[in-house]
Structure formats: C-alpha cells, structure tokens
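So that you can tell them apart, the chains are marked A, B, C, D, E and F in the order they are listed, and the count of residues begins at 1 in each.
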Amino acid sequence: MARRKRTVNFGVIGLGMGRGHLEGYVKAPNSKVVGIADLNEIRLKDCKDRYSVSKTFTDYHDLLALKNLDAVSVAVPNYLHNPITLDALKAGKHVLVEKPMALNAEEGQEMLDTANKHGLKLMLQFNNRYRGDIQFLKRCVDAGDFGEIYFAKTGWVRRRGVPGAGTWFTDKKRSGGGPLIDLGVHVIDMTMYMMGSPKPVTVSGCTVQKFPQLVKSGTFDVEDFASAYVRFENGATMIAEISWAMNCPAERIYSEIYGTKAGASVSPLAIWTEEHGALADIEPKHVKGLSQFEHFADCILKDKTPISPGEHGVLMMKVLDAIYESSETGREVVIDWD
Amino acid sequence: MARRKRTVNFGVIGLGMGRGHLEGYVKAPNSKVVGIADLNEIRLKDCKDRYSVSKTFTDYHDLLALKNLDAVSVAVPNYLHNPITLDALKAGKHVLVEKPMALNAEEGQEMLDTANKHGLKLMLQFNNRYRGDIQFLKRCVDAGDFGEIYFAKTGWVRRRGVPGAGTWFTDKKRSGGGPLIDLGVHVIDMTMYMMGSPKPVTVSGCTVQKFPQLVKSGTFDVEDFASAYVRFENGATMIAEISWAMNCPAERIYSEIYGTKAGASVSPLAIWTEEHGALADIEPKHVKGLSQFEHFADCILKDKTPISPGEHGVLMMKVLDAIYESSETGREVVIDWD
Amino acid sequence: MARRKRTVNFGVIGLGMGRGHLEGYVKAPNSKVVGIADLNEIRLKDCKDRYSVSKTFTDYHDLLALKNLDAVSVAVPNYLHNPITLDALKAGKHVLVEKPMALNAEEGQEMLDTANKHGLKLMLQFNNRYRGDIQFLKRCVDAGDFGEIYFAKTGWVRRRGVPGAGTWFTDKKRSGGGPLIDLGVHVIDMTMYMMGSPKPVTVSGCTVQKFPQLVKSGTFDVEDFASAYVRFENGATMIAEISWAMNCPAERIYSEIYGTKAGASVSPLAIWTEEHGALADIEPKHVKGLSQFEHFADCILKDKTPISPGEHGVLMMKVLDAIYESSETGREVVIDWD
Amino acid sequence: MARRKRTVNFGVIGLGMGRGHLEGYVKAPNSKVVGIADLNEIRLKDCKDRYSVSKTFTDYHDLLALKNLDAVSVAVPNYLHNPITLDALKAGKHVLVEKPMALNAEEGQEMLDTANKHGLKLMLQFNNRYRGDIQFLKRCVDAGDFGEIYFAKTGWVRRRGVPGAGTWFTDKKRSGGGPLIDLGVHVIDMTMYMMGSPKPVTVSGCTVQKFPQLVKSGTFDVEDFASAYVRFENGATMIAEISWAMNCPAERIYSEIYGTKAGASVSPLAIWTEEHGALADIEPKHVKGLSQFEHFADCILKDKTPISPGEHGVLMMKVLDAIYESSETGREVVIDWD
Amino acid sequence: MARRKRTVNFGVIGLGMGRGHLEGYVKAPNSKVVGIADLNEIRLKDCKDRYSVSKTFTDYHDLLALKNLDAVSVAVPNYLHNPITLDALKAGKHVLVEKPMALNAEEGQEMLDTANKHGLKLMLQFNNRYRGDIQFLKRCVDAGDFGEIYFAKTGWVRRRGVPGAGTWFTDKKRSGGGPLIDLGVHVIDMTMYMMGSPKPVTVSGCTVQKFPQLVKSGTFDVEDFASAYVRFENGATMIAEISWAMNCPAERIYSEIYGTKAGASVSPLAIWTEEHGALADIEPKHVKGLSQFEHFADCILKDKTPISPGEHGVLMMKVLDAIYESSETGREVVIDWD
Amino acid sequence: MARRKRTVNFGVIGLGMGRGHLEGYVKAPNSKVVGIADLNEIRLKDCKDRYSVSKTFTDYHDLLALKNLDAVSVAVPNYLHNPITLDALKAGKHVLVEKPMALNAEEGQEMLDTANKHGLKLMLQFNNRYRGDIQFLKRCVDAGDFGEIYFAKTGWVRRRGVPGAGTWFTDKKRSGGGPLIDLGVHVIDMTMYMMGSPKPVTVSGCTVQKFPQLVKSGTFDVEDFASAYVRFENGATMIAEISWAMNCPAERIYSEIYGTKAGASVSPLAIWTEEHGALADIEPKHVKGLSQFEHFADCILKDKTPISPGEHGVLMMKVLDAIYESSETGREVVIDWD
C-alpha cells in the first residue's frame, strides 16, 4: 500500500531543465531517484556520476518500463509535455510536469483527465508557489489579513532578454508562444495563487513582436511582448505586462495584490495595511520556502492534493490561450466554463 | 478683425478651482481679465482685490452679457460644465473648460458641436499637457525618437486620499464619478497625448467601492478604485489603475510609454533607449512648460487649434464612459466611432 | 455642576515656556483663557494682543483671585513649581504643571496631597505622552501586542547643547539639576509610560560635570551627563543616558522597549515582531497625537484621570532623586514605597 | 634559556574552536605546532593532514607529556577550561585559554595562582583586543586623545541567535551561562580594555530567559538576555545589553567610550572630538590588527606580559559573577577587592 | 587718535552688489553707515528706509565730501573700481573694494600705491576668505597640520550659467573678462590663501568662447571657459578650470590642497591625513566664519593688516593677467617680480 | 601570403605582466601561442601546463629563432622594451609591446623606425583603449556627438599605493619614472585617444617625491606625484594629476572630455549634453569591449593599422619626456615636431 511507503522512487525525463528536479529529489528525505532519461549521453553520464543515479536511458520509454518507478518529472521542451506525460500516466506513474503544462488548454485537459482516470497525481512545476515569500503571503491571505482581494498587478519585463538564437523557445510549434508562455506563466500563476485561484471569466490581451532583429538565426514567430487584462468571477481584476525585449529601465519581476484590509508586494516583500488606527507598512523577513520535490513525494505518500495541482495548470492554459486569442481577434474573450 | 487684436478679454466663472485660471490670465502678456463670477461673495471680493479685477458677478449670466468679453474659463463642479459652457458659447464667447469636459461623452459632444457651429474655440484644461516634461517627451515622440509606440501604462493611486466629506466629489450626480473622472482623466489624457492621441477601439474596465467608511457624511455613491485596459486602432494597448483609497505604499502618479526605439517615464522623467549600439538611459533636465492661459489667448488671437482641443475632451469622455459601462456589464465595450 | 459645563476657564502663569499652553488652550474647543500672568510686561502685552486675552497680571496671585477661573497652567522655572501650584490649589484651581513636577519628590508629594485634599486635578505636562507615536505604541502595548515588556533603553544625548549662560537651568537651586531633570525627565517618562508605569524598586546612577568650560557666566553647579539603571517591581530593567554635552556624534533622542512578543523604537517609529512564523518589521505611518490642553479640560469637565496624572509626576521625581542620591553615595538606592 | 629560543612549540587542545588557534600558530613565524588533541578522530585526522601536524592525541594528557612542548591552547567547552589549564600548568606548559576563562572567578583565580606559582604565562584568548580598530583606539587612549574616559556603552544583541539545540552552550553546568558569558564576555572585555581596565566596584544586572521555545531539545537553563550597569573605582560607569534572542531589528555589536576630550565607536570605527575650535568627526581607515598567536609566542620568548593577561580574565569573571548574583538577589553587588 | 575711536563711519558706493556691504556694516558693532551713493534713486530710497541711513547721494563725489566719513565700500562694475577707489583714497578714506580689484594688475598696483602713499587701508572683498571652512583650514595650515603644501586643484564650473544678457559682465571693456575674472577670482584666491599666498612664477592658461548662442543681446566678447596651470616659487603647482557654460554634470565649486602631512577639500569640508599610524578622514563641523565688515572696521581702528590686503588683490590680478596673456600667445608666461 | 592565413602564431616574452597576453591569445580564435619565454622556470612550467604551450625558453632569443613564429608580445620591465623589441623586429616578428613604449621618446622612435623599415606591425598595449566604455565614447566622438573637444581632465591618484619595495618600479634606470610613467601613461593615453589624438605643442609639468618613507628598501629615485598641463595644436588643453601616494580620499581614476556639443566621463560612464532643447544626462549601459589580442592578430592578417599604433606610443613618450623636462627646468616645454 502506498500509504505505508516512506520513500517515493522517482525518474527524471530531460536533464537540461530537469537537473534541478534531480537535485531536489536527491536532497529530499522521502525521495529516491531510480533512473534518468535524456537524449544527450554526455549529460546523462555527468548526472549519473554527480548524483549517483544507477540507471540511465536515452529513450524515456525504457525508464517508464522500470518496475520500481513510482513517479516521474517531465522536464522537456513544451511541445513534449503532453505526449510524454500521457505515456507516463498510462504507465501508471505520477507526474510532475514543467510549466507551461502544455501547448494549450486542450492538451492540458487531456493530461488532467488521464491522470484522474488512472487515479494518479499530476502536479505542476509552479516553483514560485513554493518560495518563502509566496507561502508567507498565502498564509496571510488564508488568515484573512487582506480581506477581499479585488485587484492585482503583475509583470515580468526584460529590456533585452530573448532566449538564445536557435533554441526552441522562439519557435511557436515547439514552445507554444514567447515570453507570455515562458515568463508570464510564472508571474500570472503566482499572482492568481495568492488571489485564491479565482475563476477568470473574461480576458483581453495583446501579443506583439517588435524586436525581430534580436533573433539572428532560427525561427522567431512568437511575440516579444504581451499585455493582458483579466476579470474574475468574484469581480476582481488583474493586469499583466510581459516582455523578452522592451525599452524599459531593467529587468523587473513583480506581483502585487490589493485587498480591502491590506495590500502586498512580492520582491521586495512588503505588506501595506492598518494597525490600531494608523497606516502601517510591514516588512517580513527570513521567510522560508518549501521543497516542491519533497512536497510532491509527500502528496504521493499521503494521497494529498498538491499545492500546485494539475487543475491549476489547465486554468493557467485557459488564460494564456485566451490572451493569444484576444490578441488575434482584437476583442475580449469570454472563457467557457461548461 | 480678431487677428489684429493683441489682447484677449477673459472672464472666469468659478473661483474655487478657477483661481489658478485667474492668476494665469493676469500673468499672461496677451490676456486681460475683465470680469469674474462666483456665488461666494467673500471669494469674489478677495479675488477682486488681489488681482485688481474691475467687475464681479454672482450670476454668471451677467458676466456673459459683458460686451468686451471675448472668452471665459468655466471652472465649476463637473455637472455644471455642460450648461454653463453652452450658455457661454451661445453668448459668443470662446471657452476654456475644466476637466473632465462634462458628465459624459454625450454632453461633451453637444458642447463641441455648439462651439463648432458658432466658430468658437473650445479648449480643455488638460493642464498636464503643458508641463515641461510632457512637452519635452511630445517633442521626442514627434521627432520619431520612440519609433512606434505600442504600449503604455499609467496610474494615479492614493493610499488614503478621498476628497473631503460633504463635497460634490463623492456625489455621482454632480461629479459624474470618483477617482476615475477626478484623477484618471489627468493621467489617461497625458498618456494618450504622448501616444499621439490614437483612437480607442475597445475598453475593458472595472470600478469598485471598497472603502465606504472613509466618507463619514454626505453622499458616497462613486467608485474609489478603477482599473482599465484600452486597445487602440493602431494596435497599441494601455493599462491604467486609479484610486482614491487603496492599500498601496504611497501616492504615486505615473505614465510610461513604450516604443520600438525608446521608452519613457514621466516623474521621474527618463528615457530608455539605445545609442551607438549600447543601451542608454537619458535623464533630461530643466525642461520648461507652457502657460496654457497664454496659449489659449494665442489660439484665439491667431485662430490656432489648441494643444488640448475640445475633440480630445470628447475622446476622453468616451473612454471614461466605456470604463464605467464595462464595469457594469462585466464585458468589454467596443467604442462606436460612426 | 462641572459636568454640565462645556468649557473650562484657564489661566496661564509664566509666558516664556507657557506660550505653548496659551496657544493650546486657545485652539481647544473646550477651553477658554481668561487671564495670564507674567513678570515681563512686554511679553504680557504681546500675548494679550496675539491671543486676545482680556486680563493680564504681573502678580499671579491676582490671576488666582479671578472668580471665573477654573484652572491654571504653571509654566515657570522649576523651583517655583511647588509654591505656585500650592497657591493655585489652595485657591481652588485645577493645575497643569510643567515638568519636572518640582525640585524633588518631597515637594511633589506635597503638591499631590494638596490636590487630592481639595479634590482638584493635578496634571503633569509630560507632552511626549500625547505624541502620535507614543499614543500609538501605548495602544499596541495595551492590546498585548508586545507581550511582557522586560527591558527598555532610553537616552537624550547632545554633543554641545548646554542651555545658554546666565539662565536658571545651570543653577541647581533653581533648576534642581542639569540634563537629567531637563531632558531625562522627558525620555524616562515616555519610556516608563509605554512600559505601563511599573514601580521602580532599585536605582543606580551617576551624574558628572565634565565640560565646565561651556558655561562662561553664571552658576554652573549641575551635571552635564547622567547614566542610570533602574530595576522595576515586575523584574524589568531600564538603562538611560542623558547629556547636555558629550563627545557623541550628534543629538539623539531615543526610547526602545522590548517585550516577549515585540519590541519597538520611537524616532524612528518601528516595531520588530513576528507574523505568521516570520520575523516582521512594522513601520506605522501618519499616527496622530492628542492635544494635552484639550485633554486636561476634558478631564476637568468629565472628572477623568489625566493621561499624565500627578502620581506619575511624583513617581518620576522619586526616580530622579534616587539617581542623584546614587551618584553621591556611589551605591544603588532602594526606593522606599511605604 | 627561553630567551635564546626563536620558536615556541605549541600544542592545541580542542579542534572545534581550536582550529583558529592551529591556523594562527602555523602562520606565525615564531611558532610551531608539535601536537594536537581532540576526542574526535576524524577531526584530528583532517587537521593533521591540512596543517601537517606530526602528532595527534585523543587524550590531552598524552599531548602534555611531550617533552618538546612549550605551551598549549585550551579551546574546549567552558567547564573544562579550569581542569585542563591546571593540568597543563602543572605539566610546565604556558597556556592560552579560550574565553570565558572559567565557569566563575574562583576557578579563574585558581588558574592564575597556579600559573604565577610555576612562573608560566597564562594568556586569555580575548581576540577582539587584537583587532586593528581596538588596537588603534587603545593607542589613541594611551596617547591621551580621549582625556578622562568616564562613560561607556556596549552591547551584543541578536534577534534570533541562540546556539543550536543540544549543544553545551545552553546547559549552565557546562557553559556557566548564556549570552552574557558567550557574547557579553567579548564586548565587555573590549570596552573595559579601551577604558584602561579600571577596577569595577559595584555591579547591577539582570539576566532573564524569555524565549524558551527557541531551544527545542536539550537543556536550556541559561538566560537569553542580560542587562548590566557597572561603576568603576575611577568614577566611570558602563552600561551593557546582551542577547541571544530579543525583538530588536538585527544583530548589533557595539562598544562606545566617552572621554572629556573625545568619544569613539567601534564598528563602525569613528572618533568624535574637537580640532582647532571646531567639532570634528574622524574616520580612521585601514587599521591593522595583530596575531594574538604570534604575540603569545613573543611573550613567552621575551618574557613579556601579554596584552590579554590572566589577571584580566579573572577581572572579567568577577564582573560576570556579579551580574548573575545581582540578578538573583535583585540588588547591586559590591565587588570585594581584598 | 584713531585708536581711541570705537566706531568707524562708513559709506557704500553702489547698492546693487553693495547691499551686502550695507547690511554687514549695519550689523557690525564697530561700524556705522553715514551715507550711501547710487545712480538709481529708487534703490537709494529703498536702502535708506530699510537700513535707516541718513544721507543718500546720486553722485559719489558728494559722499566722499562728507567730513565724518572714515571709509567706503566700492561695489560697482569692475571698470569703475580703479577710478572710484583712487578718488576715495585721495579724499582720505579707507577703501574696501569688490573683487576683482581692477581690470588688470597695472590698475591694481596704482590703487595700492595710492593707498600706501596716503597711509590708508585698502582691503579686498575676498568674501570666501572669511568663511568658516576656509578660516578653519587656514588655522590647520598655520598650525602645520598639512606639512608642506605642494599641489592644489580648484574650479568653479557651471553647465549653463552665463550672467544675464545685456549686463556689463559679458562686455570686456567693463568687466575685464568672463568667468575667469568673475568666478575664477574667488576660487583661485581662496586656494592660494590656504596655500599661504606663495608667489606665482609661471602661468599657462587658455580662455575660449564656445557658447556664443547663450548671450542673445548685448556684447559678448569674453571667454566662457578657462583652464590654467600655475607654478609657484616654492615649487608647488596649481590647476584650475572655470566656466560659465560647459557640458559638465552640474555647477561645482571646489578647492583642494595637498600637503605632505594632510590634504583637504572645501565643500564638502574634509581633511585626509594619518593618525597614530592609520589613515584618517576628518570631517570638521559647525565651523564659524567672520564678518569681513566688522574685520575691516577693526583693522582701521587698530591699524591692523586685513586678512585680505590690497597686496593680494594685485597678486591675483597678476595671475589673471598672465592667464589671459598665455591664452593669447599660446605660451607660458613668466611673471615679472622686479 | 599573410593575407591567406587564418591564424597568427604568437610568442610571449615575460610572463609576469605577460600572463594576460598569453590568456588573450589562447582565447582569441585567430591566434595560437607557439612559445613563451621567461627567466623564471617555475613560472614557465606553470604557464606551459595551464595553457598547453608546447615550447618554453629561458632565453628569449631562442623563442625569436622559431621559424613558425609570426609575432611576439614584449611584456618585460620598461628598460627592456627597447632592446627586446628591436631584436624581435630584426628577427622579422610583429611586436605588441607593453606600455610605456620605452624609457623615452628617442628609444620609442628607434623602435618605430625599425618596425617601419621592416614592414612589420608595432602595436602598443594601451589596454584601456579596448575597453567598452572607451570604444563607445570614441564612436560618439567620431560620430560628431561631442562637437569640437576643447578641454580634458584626467587623473589617477592613489592615497598610498607605491609598488612594493625592492621592485624595479621605483628605480628610474629600469622604470624610466614613477607614477607618471606607470599610471599616467594609461589615463593620459585614453584621454588623448578620445580627443582624437591631437598633436601636443606645449607641456608644463611638475614631478615631486614627498613620501620617501613609503619605500623601505631598494632604490626610490622617482617621483610619487606629477601634475601637468598640455596645450594641443587645435587649441584644446588638458590637465592631469597622477600619484602613487597623496593625501587624497581614495584611489580615483578618471578621464573627462568636454566638447561644444557634449561632455563625458569615463568611470562612471556618463554623457552630458542637450536633447530637443533640454539639458540631458545619458548613462550608457552594457557597453562591450574588444580583445586587443584578437585585434592585433587581425591587424597582422589583414594588414590593418592597429587601434593603438606605435606612432601613438611615441606621441605619448614625447608628452611624458616633456613633463619630466618641464619639472626639471621649471618652465614650459615646447614640443619639437620637425
């Protein structure tokens, strides 16, 4: 019985982005890595040595065939999230999938349905949710310190920060999109998470490409800037701006939430509120984050819902899909929740 | 012939907000104040003495009846902009009207049509357009330094700054709205002005009231916060946030425009661009503003179009109307330009 | 009946320091100044004109003889606090006396006993207690936000700040002491007030004079520096340093309290605590103070105990007396509470 | 004859804290390490390899039995300072003992008497005395730049810094006390050293434990906070505050001395004085410290009194003993100097 | 006998720049103003009223004819310094003349010779010499704190600060030169004063005009920038840069002297030296300046040499003359001291 | 034919300063290191291993004898620049020589003549010219952004920074001079480079030694401070200050150029100019430098003139020679350009 187990046996597919997963599982007291898969043999060898992993595979199907494997991390380019996750789930493995969940909401829903059908955990690698500052603010929100949250602002803007030429990031077929899906997924998710994951009902957005000269080789058919406006079921609104390149002063990542009792900013972490009839600014310090890898293992062992469940991955894809659609049509998109 | 005149004879209606107008005309070399009107006799007396105005009136109709009067400033509560301006225009006087132009676009359009019909100037008191920093950035924009401007962000947020209890500001019938129409009109106008006054095509917005406790007497039936998202005909987008009260760190007024060649911020004034292949931040200094009162007189004397023409007042009212409508319906509003 | 009265009739004795009292009463809605007394006729005339006071006296006994006088402020050099206050109380007037209450605790006790005997209010002019920051922290303390307060640090140190030559400040017979009684009384009082006015049980102190050259004329027989250590009945301790002249970087006034749940500093106002398991620094803003003059009138009208009652004046004098005694004997003084 | 020797042969007992001693002797040109002792064999092996020490011992008696050994460093938990130092002295070795000298003054005096009886050096590891800033200020003091020093303030306060659970630090039997003996010994010593090591005559103090929850396992029967007030024979006074845990803004270590001609702060190093009739702040730079290990060897070779002699260790223990006693009795302690 | 007098009777010629002189004499306890002269009658009337001066003249010869007049301030455009000073001296009056002393050294020497011939004081209005910081540094220099001063740097550079169009400042015939003679005279004088007024032996310099567009009306035939290099008899060198207009960051006025024992900067006031073997930066504070007007009266009453004697005015003119000459010839000028 | 080659074969003579050359060639794609020479065998061995150099020599003549060697770096003490460079050129090798080019201009001219005679490249290691900030400003200058540059200021001053005792730096025979030739060569060169390498026509200078005590062993017969003033053929002037030791606040390296349209500073990089009628400060960012080693190889392969040609090395030596000569004679030196 899973409940009695003390340790989850993990595999990691994709060692470029997945090296962090590997390290995370190795450090977690309730995890063990039993195999890793990557197309690059040098990388495989290097990780095997550094982290003392016994089995390595160039074909991930072989990894999935391992009997003692409980779960896998899927840390590959975006367009492979769907097929590999489906394969893993069908092989009976729990899955931690990198963000964005898939190329679009439809793919994401398919993955979620498959996980549910097989009674397996599907967790999203929304790493920011596990940061100390975000967890701290979530505790404040859950304690009611903010009252009703009715507005949020978020952004991740870079002055000149398009991912290196020739990579899959700038190729829409493989990435699904540009900075919106690469960076926006992080900050929009952390913001909506702190807001309590309200249901988006309308989305207006715009995605444009204005710096074609920055990608000198390879395909560049995605946006380099996006703006968006989201209205939620509870009446709250959120604005967002995202860029790989923009004539702004410097890279800036921010997320702010505003409630009837308090407002807050992440980076720098600050709360603006009232205390005993005076305005008060609170600066929390030494907040501690969680290991999402230990948390995933814990969810598997104790059959708990992850902090970043597959449902939220689908929710995010719906928002991103709607922004792209709104940009194409030049009109607001009403999200279909049937 | 108007062209030959060297000086315009002005009247000022409303001396609360209008004291600045009075001072402005007194200082301008091409203006003269021939009469002032206000319901408050003490105020009338005080201004008469301080600025050596010969004629004072408690009924503005009497002021408008002055033969030698060329033009008036209408500086009264919002709901009176329309009727007084119409009266003045019908009396053959040019009008400088305080912002917002009226309670809504329909009223504004009526004013504009009347002015046009009589061949009179109708200028909006969008004072920020005349500031040194805005004029400087407009020169840069017009010189092409920014390339194509495709995104803008603006806001005027106050932590606790609701206008005093019992005033007309918080009474929708008299004000037309809350911070959106009081503060938002300033920052949205200056932003759109720098963008080149593109035509808005869709507007999403939200206006809410979350701090009812801050107005202890009188009517409070307007919003204390607004957010908005505007899409322009040229593909550009703009986001805005406005508040009288909000759990934010401190009052902040900002406007940022982003173009393909450069971006810029007002307050502090800064330009972010490239020079000879390197990123470069430019800090302009000692920029000089214009007197809008001298400018208005100049437009009358030389039959020029003002920097802030009545057309832009109507444009602004259309945007504000659309934000309120979008907030009520929970859906984006498509602006009708027929 | 006093209760029915809406306004208290005040007199002010001494217009050097007392000008602030005069202004305070004039501004307070529940106070009226019916007479002022001072030896300096020019000052009397000036205040009469500026504050529209009808009656002026060069002999304070004549002021006290006014029938419609309810209360007086005694704002004269320290050695006159006792005799004038006694005269006023015996004349049936409530008294607000400047700090320090008297030259020593014995004198203070006599004043307090007299007030109690006549059923009159005796309030101390501990102005700092009425500041917004102190009142705010007191609210926090009373709400239990600090837990048990077990340590405090306070000081008022000046690098070169001996009151001008030839004044009574440096003459022990008239002042009772140097910076300890001049400045220390302020910061020690505000600190003990925030601590909840615990009972001091032992006091060690040292007062020395090291800068005789700074007073070039007149008597200089008081200390220019004092240090002290106080142990309270509840186990808390307090350290203090006070100077008119000292080789320190600059004038500094501070008061810090440390409790089991939080600590705090006045100037700059800050609270150091924990929130939801993280350390948190709180910066309160826009705290609002009270008018002690309006408060005094209110206490008289409603028969309430003042925020700074005569009892606390005696308490403070006991502490100061003990510091001087400890300095003379070179040993700790145990305060007698029988 | 010792005088002719060029190099002293050292042993180090205890390699946890003693690793710094080992490094210091290895670097000093007049020292050689001939043996090291520790109960932990892994640590022994590691140090042997890293510093090329030929002989290692798990029983320090064996080290003391080495013929060519001249002196030892005793760097073990506090309760072992006395017995091991006595053993070493009886074996004819000079001793450099970690601070605090012992669990109390009585033990310290025994050690000092033994050293004197055998004509051996007993030096205290008061490392701060050898810092560049302290040595610089001591030179200023000795040159008379400060005039008469009549007041000092010192403190080492931590917000949350209790040494790790389960260690000997929180167990009074083994440590002798909490932050007072752990941290206070450093700052009180450096302050008294700069003051010229005046004789304390009375001591008031308070030690309390207010954060029991911070030590989750093991014994915690020592204070987490201490305050103290010391009066010296020359009339000077000193105040001190020490904590492992306290609701203060951040860790802070400070020592300030105030004299009739100048005052000074350590960290940041600053002097406040007068120059040619003006106030002047002096910021010394690039001050250079001494190696206490080279100094110890030098004292042995040249029969000089160390900068931190055993006498000062006993002096410090008397002060610490008196603070603990004063806290227990709630009364000042008069130090017995007969 | 002059010695017995307690007060000097002054006249002021020129009330534009001379208003400061007038105020200075009025405030000084040893001075009295008996008459003022100016061509502008309104100014005369205004000063008469404000400073209670009994006699006013539009022709300065009439002022000089006053019997009870002891001395005058000559505060007129540069080209009038020589003739008016000569008139005053010949009338037997001591003279305080504004800087620069004259249009050139020859004129200055004539004034000095005349003063000496008549046994009268001729003092230069080098106001900076009397500032607290300069006097403080001079005391340090005189006390030997700097050792031998062998290098100095000074400058007064403005980004856009040409005196207003149409004034005499930009007309060489009336001013003698541009920023060099207007601003440079101040900073070069204060620097040489602190250096101990060493004798210049060679001067290289360059004066150019690069911003002709900044003076829109009137004559502009002087430089807007000057650089210079001076070699003194004692081997010291000095570099200087002076501008009314220059593409520099902001206006900056500085003077730095470098000696073998210490260096110093004025604005901000700082000394860089060594103390007890460490580098040390000293920041003097609260330095106090002198009244040059009281000083001038004192020199007259007690027959003392002024801090800024006529000789130094000639010295300065020789340096300025040499810079202009060097610029014209493109070669170093050797100053003739015969 | 050289043109067809893709790679230049380099040798490095002198591995103390030359290690940077070695690294530079190893990294450059168009360079290969075929041999290195140094007197120190340990250093030779170390470099051979670290950079995989096949051939090492203790006698540089043997290196020069290598058939496949195209060019060498000469990175030895100053007095050896001339003889080794001559040897290398005579052996038919291109030479990159460390700055200063030689002990004086005569030696430098001989080297340049020899290079020209043999048709070889002689490049100076003026590394600052290749920095990103300098290259950026040079592009601005070349684009005319500064207009006419008519003034420059530069300096490299150290408070206490004399190169270590016993080295060749302080021995004039081997170094040619002190900080002027060691540090001044850098900053004067970068400044003149940005000015467009105008021809100096007159030079005034002063070199002194005021800190003899800082060199405790070895010869110290060079200056520790130098100041200079240079006049160029185009009318521009430059001032410079250079020190190894000076009582200044801290080490500072600066170079500023002033033109009719803009001015600029290196470190921090800033431009001061006008934009659209307003003053504007520009802060360039992320400027990128060049590899001088790759550049040298490129110049050889494509027969281009280096950015830092031998001619500029001679120019610099003429300036330095003139400063030393001016200091000796106490008079300006007119540079002979025949």
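The definition used in the following text is that contacts are C-beta pairs under 8 Å (C-beta built on N, C-alpha and C of every residue); 3 or more make two chains touch, one makes a residue touch a chain.
For clarity, every value in this text was computed on a predicted model and none was experimentally measured.
K.L.:
Give me the chains shared as neighbours by chain C and chain D.
P.N.:
Intersection of chain C and chain D contact lists gives nothing.
K.L.:
Treat touching chains as neighbours: how many steps, at the fewest, connect chain B to chain D?
P.N.:
3
K.L.:
If more than half of the interface residue numbers appear on both sides, call it same; otherwise different. Which is it for chain B and chain F?
P.N.:
Same-residue interface.
K.L.:
What is the chain whose Cα centre is as far as it gets from that of chain B?
P.N.:
Chain D.
K.L.:
Write the angle of the rotation needed to overlay chain C on chain E, where the fit uses Cα atoms and the result is rounded to the nearest 5°.
P.N.:
120
K.L.:
Return the distance between the CA-based centres of chain A and chain C, expressed in whole Å.
P.N.:
The computed centroid separation for chain A versus chain C comes out at 60 Å.
K.L.:
Counting only Cα atoms for the centres, state how far chain E is from chain F in Å.
P.N.:
Each chain's C-alpha centroid was found; their separation is 43 Å.
K.L.:
Could you tell me the distance, in whole angstrom, between the mean C-alpha positions of chain A and chain F?
P.N.:
53
K.L.:
Where the CA atoms of chain A average out and where those of chain E average out, how many Å apart are those spots?
P.N.:
71
K.L.:
In chain C, what residues contact two or more other chains?
P.N.:
If we look for residues of chain C contacting two or more partner chains, we find 279, 281, 286.
K.L.:
Please classify the inter-chain touch graph. Allowed labels: line, ring, star, complete, other.
P.N.:
Per interface graph, the chains form a ring.
K.L.:
Going round the ring from chain A toward chain B, what is the chain order?
P.N.:
One full turn from chain A through chain B gives A, B, F, E, D, C.
K.L.:
For chain C, which residues are in contact with chain A within the complex?
P.N.:
Touch residues, chain C against chain A: 132, 136, 139-140, 143, 275-288.
K.L.:
Which stretch or stretches of chain C touch chain D in the complex?
P.N.:
Those residues of chain C that touch chain D are 148, 150-151, 153, 159-160, 201-202, 204, 206, 208, 210-211, 225, 227-229, 231, 235, 237, 239, 241, 246-249, 256, 258-263, 265, 270, 272-273, 279, 281, 330-332, 334.
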